[in-house]
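The letters A, B, C and D name the chains in turn, as written, and every chain counts its residues from 1.
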Amino acid sequence: MPNTFGKLFTISTWGESHGGGVGVVVDGCPANLPLSEEDIQPELDRRRPGQSEITTPRKEADQVQILSGVYEGKTTGTPISMLVFNKDARPGAYAEMKEKFRPSHADYTYQTKYGHRNPEGGGRSSARETIGRVAAAAIAKKILTLKSNVETLAFVQKIQDIAMPSMDAISSAAIEANIVRCPHEETANAMIDRIKELRSQGDSVGGIVECRIRNLPIGLGEPVFDRFEADLAKAMLSLPATKGFEIGSGFEGTLLKGSENNDAFENRDGEIRASSNRSGGVQGGITNGEEVYFRVAFKPTATILQLQKTVDLEGNETELMGRGRHDPCVLPRAVPIVEAMANLVVLDHWMRHIAQNDSFKF
Amino acid sequence: MPNTFGKLFTISTWGESHGGGVGVVVDGCPANLPLSEEDIQPELDRRRPGQSEITTPRKEADQVQILSGVYEGKTTGTPISMLVFNKDARPGAYAEMKEKFRPSHADYTYQTKYGHRNPEGGGRSSARETIGRVAAAAIAKKILTLKSNVETLAFVQKIQDIAMPSMDAISSAAIEANIVRCPHEETANAMIDRIKELRSQGDSVGGIVECRIRNLPIGLGEPVFDRFEADLAKAMLSLPATKGFEIGSGFEGTLLKGSENNDAFENRDGEIRASSNRSGGVQGGITNGEEVYFRVAFKPTATILQLQKTVDLEGNETELMGRGRHDPCVLPRAVPIVEAMANLVVLDHWMRHIAQNDSFKF
Amino acid sequence: MPNTFGKLFTISTWGESHGGGVGVVVDGCPANLPLSEEDIQPELDRRRPGQSEITTPRKEADQVQILSGVYEGKTTGTPISMLVFNKDARPGAYAEMKEKFRPSHADYTYQTKYGHRNPEGGGRSSARETIGRVAAAAIAKKILTLKSNVETLAFVQKIQDIAMPSMDAISSAAIEANIVRCPHEETANAMIDRIKELRSQGDSVGGIVECRIRNLPIGLGEPVFDRFEADLAKAMLSLPATKGFEIGSGFEGTLLKGSENNDAFENRDGEIRASSNRSGGVQGGITNGEEVYFRVAFKPTATILQLQKTVDLEGNETELMGRGRHDPCVLPRAVPIVEAMANLVVLDHWMRHIAQNDSFKF
Amino acid sequence: MPNTFGKLFTISTWGESHGGGVGVVVDGCPANLPLSEEDIQPELDRRRPGQSEITTPRKEADQVQILSGVYEGKTTGTPISMLVFNKDARPGAYAEMKEKFRPSHADYTYQTKYGHRNPEGGGRSSARETIGRVAAAAIAKKILTLKSNVETLAFVQKIQDIAMPSMDAISSAAIEANIVRCPHEETANAMIDRIKELRSQGDSVGGIVECRIRNLPIGLGEPVFDRFEADLAKAMLSLPATKGFEIGSGFEGTLLKGSENNDAFENRDGEIRASSNRSGGVQGGITNGEEVYFRVAFKPTATILQLQKTVDLEGNETELMGRGRHDPCVLPRAVPIVEAMANLVVLDHWMRHIAQNDSFKF
């Protein structure tokens, strides 16, 4: 089931950029959770197009409807089906894309794999598919918020070579204070300038989203294949435009010696804690109670408003001029999506942990 | 099923470093494949301890037995159970590890998650668990070798700051020509010196393993969650000591503009090909016929022969002196394991592709 | 994922009897299959309420919409989302059902398991959920029809003690020739009379649906847990109101001696065939090329228009008078649902067979 | 994964009748459970061959070894691998079976599906495979025994037409008091005589095993596909030689009117209870706190010591004389296997129930 994610809190997304709509079915949600569209919409608003001057001007209200699984304002333990109808479609705009493969897009691989594809807006390969993920994760987030202190915060850490300085305390408010979603104001401004500059050249940029998860319980993640970080890595690499994932000391940590990279244990106020956190909150695939932090590399948007060499369906060499309304940089809108996937991993692993470890306690 | 990997060619590993043995059950292997222990053993020999002067001196022949699924030298389509008995166990050596948590190991998280653990040699968190993966992947490799030109080659690309230069053509022979498994001889020598130097200090080092997969068919990988690179990322992050994964232009690619990072299409001798390969052989989660290449960050071995601060089971602060026979650098032995996981991902996705796309062809 | 069925051709149903609607997401459908609502609607029409004088008078057009996975009339290999909005809801009719548990319904168990339920029309436990199954199976049926000679025919074999005589050749036309869907006209008339008689008493009846699958290939089904008949049994017992399943000689076969029950093999016109078919088309869990036939026991409809003893939410003993518009006998409408589940099992197992056995052929 | 059963407490069996051995890997067992071979062996002894004069004289001690997942007498939460080596193999005895297909066995379907099979003792299709199931279920039983009052008792209810009378209270002692495992002594004696009589004719018999599960909590089972009875049905039909399953009023219930078949609710000593139990302890797919009882039809053993018509590998018609050491009636040994599968379903569903319903309680 390639369109399903999670083992106990499972989400199945469906829909194309320009078909009837996009949606998700959530299976495994606990009953009695108060839930309405108002819990979902704010997260969708954070990812929707047209929200700022550095995102695509495409206009989609992305209004969500809950079609099942909720009765009189509370979940019933049955599947929750959520749907967003597509609105702002311009089929005519895609005539050329039907014939020519956009470089570094999924057009060619979808065409070859399936022999038939929906070319409008990228069809299923469009980031529009993530609406279903974000809607489902809004439920996960509500559960975590009501039942724990877990806080998941993603933010833009780097755009090209513009990196924010190291910051310990990062708030949701600081992230949302600017349109690029970098919590360091000065850096944010430089990032915004860079994005605008590249866009004015018909070009695009990429960068790094960092995500931190605080107040996790000890014990999430399962050896050996379903390590917490393995499922995070899969979740992140399943997002469009991602090319890398690292947790804790990551690639930089490979430069250190063991004696430098190891996290000593200490007794801090009666609790066993790691003195440092180069492990990134996981050891042996299992959360150790420290902050989980990881970084995701997003490539520059493949769609650029420049003439590019490519081939057509018959393999003839040709050129393609980028059209359509696209983000010059996906990272600001990727922030809520990274958070969404992280929250899905957290909740699913938490339920799995309870199932094995707290169900029949010896 | 946290100890199972793959959807159609599935492997389930079991066993601890110092229990009765380690093993794997392979479910979904096609019938009629000629198979014997001689197909498995060479891969296990590449990962076994004691194979060179820069690996752990622990002696384990790691002799594999096939217990089911093969009759008269050919597979029967039923589960293939493979077993390696543990031999060189020194239970006495682990008395201290039972009481004190080794820094940056899985001791503390296993203890907290499960309340009870096998501390000998790291128990289930030991890299010894990967024997089952390598044995299973040897079958996958044989299938790929007999039925395709797919070639998966991993090698040590970097130890700390010692990186090999960019090389186009890399052969298995060059990789196996030295004990560190870096195909560039001069770099390999520098790496070996560095590993010996650090080991003499009782310290350890990490680095980067690169893996390249050639001659893949177009079309492997499934949108949206089971992208080819997402499953590779999960596979790699499920390996002990890994902290990062990147594919194609990876983290470096975030520095480029879209116009620099995109791979134009061209018609090369009648075939649609990408002019460059910053995508790393995948577009939209699906292989595009170009070489898949990715890199995996391995942290320095957590076990060092130095005194480290830690706590005991009761939370009292104490110190622990690394003991036992350990690799000062896991990368040389990680090479066949990375290849193993890559081959498992390739074969499983290939079978999935056939199931959906070639089963009922319209 | 308790609301998902199938491993490669997977369907996930959602929706309640009286929520916003009911639907299904189909994942794993091959691409390029010509598909439109016209392929789905006829099957839904066979199961919809109000179709004859012996079914519930509830009026639902059950008009299906395809929301994704189809582009320009052909499938794209991506998830197919189908939706039927609920129309004829009468929320007021369910006030009493909210307070009192209907005997032999799911009210009490849902209430206790989840603590909160949608009581209107039975909510998720309503047979209305099977709309999603039938819609999904219409796709499976189309694939089987286009790519094989497989024919799946279910019919009402028995209502209470009124059983049709043994018939070899049964046609779809004969089944659809009467409103009870029994291919033997005389028996059908007796059944219809019985149903009307019981309904006039405010009572209900059950019976047996038989299903036959012809022209199956040899080799579907997998040892040991996913035997063809095991998955059929699960499929049938997952339907509302079912209490039993038997295949081949079934319960009657337990009266025979081995020498009477065994099916000898013979060479019929160059083909290996079974001389008799008490095995019911499966041996060792795998289809043997003979007709698969099985029977499903449906209990009498739990809703009766009589006063019954029960308790309320607080456990007080009380009485409940059946209301609402219900089928006095579920079997006529169960016929297309049994066919649907059978076709889903056939297609899924066929794809699984191909994946393991024809993908890499040795 | 056709050789795996269960979602949270999963078992993966492997092995053939006459290969190296048979075994099972259990994944998902809670940690800290006291466990040793002594917990497993008694259940294997109940199913092993040669245990009485009416079972096969084949001698197998079926001595189990635990190879992983247990440390110092307690489970560690990691996979438990269990192994039984095959001993009493007589490869020579199977020369004829290699060439000729035994009627109503899996020889022909395995040969056609896989193109290659292990013919010795039936290979993977042998009931010997159930050793792994029984070993795994012994762990499930221990968990249920330590943590609940659940009691699962299976017994032989009928051999051919010899049925025991209806009995309310059935004890394990009464079942184990005779070699046919029918708790009604007089009936047991008649059954034993019948089995001996048929065996003396070189023939075989079948019958019905009934199973009752007491003291289940309310709420096990999940709508809509993973109903408790659907998973029981699959579990039972996955056993060799089974042809039917019914729960509660089953096939007999189809003769009743709704007013006769319904189970009224009542308040019994402050508890909501069903006045009757024709539902068989499940409503809407979920346990309702009443006793779950179901019946499984086992066909007469296919191997008979008589000359039967069949064909050989090339399709030539020939005859085959049953040889080897076989059970004239599988039911006595099927009793512990039915119990095993029932306990696996109970525990798995219980863990699933907790995961969804008690993990994050609202």
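One rule holds in what follows: a residue touches a chain if its C-beta (ideal position, glycine included) is under 8 Å from a C-beta of that chain, and two chains touch if they have at least 3 such contacts.
From a predicted model like this one, the values you see are computed outputs, not experimental measurements.
The interface holding more C-beta pairs in contact, when A-B is weighed against A-C, is A-B. Farthest chain from chain A, judged by C-alpha centroids: D. The centroid of the Cα atoms in chain B and the matching centroid in chain C are 45 Å apart.
Remark: chain A and chain C have CA centroids separated by 39 Å (rounded to whole angstrom). Chain A and chain B have Cα centroids separated by 26 Å. Residue positions 2-4, 13, 28, 31-32, 74-75, 77-78, 110, 113-114, 124, 223, 352, 357 of chain C are each in touch with at least two other chains.
Within the complex formed with chain D, the residues of chain B that make contact are 1-4, 10, 12-16, 19-23, 25, 27-28, 31-32, 65-71, 74-81, 83, 110, 113-118, 123-124. Here chain C touches chain D in the complex through residues 2-5, 13, 101, 103-110, 112-114, 124-125, 129, 158, 160-161, 198, 203-208, 218-219, 221-227, 229-238, 240, 243-251, 253-267, 270-272, 275, 278-280, 282-288, 297-304, 306, 308-311, 315-317, 352-353, 357, going by the rule given at the top. Of all the residues in chain D, the ones that touch chain A in their complex are 8, 28-34, 74-75, 77-78, 143, 146-147, 223, 350-352, 354-362.
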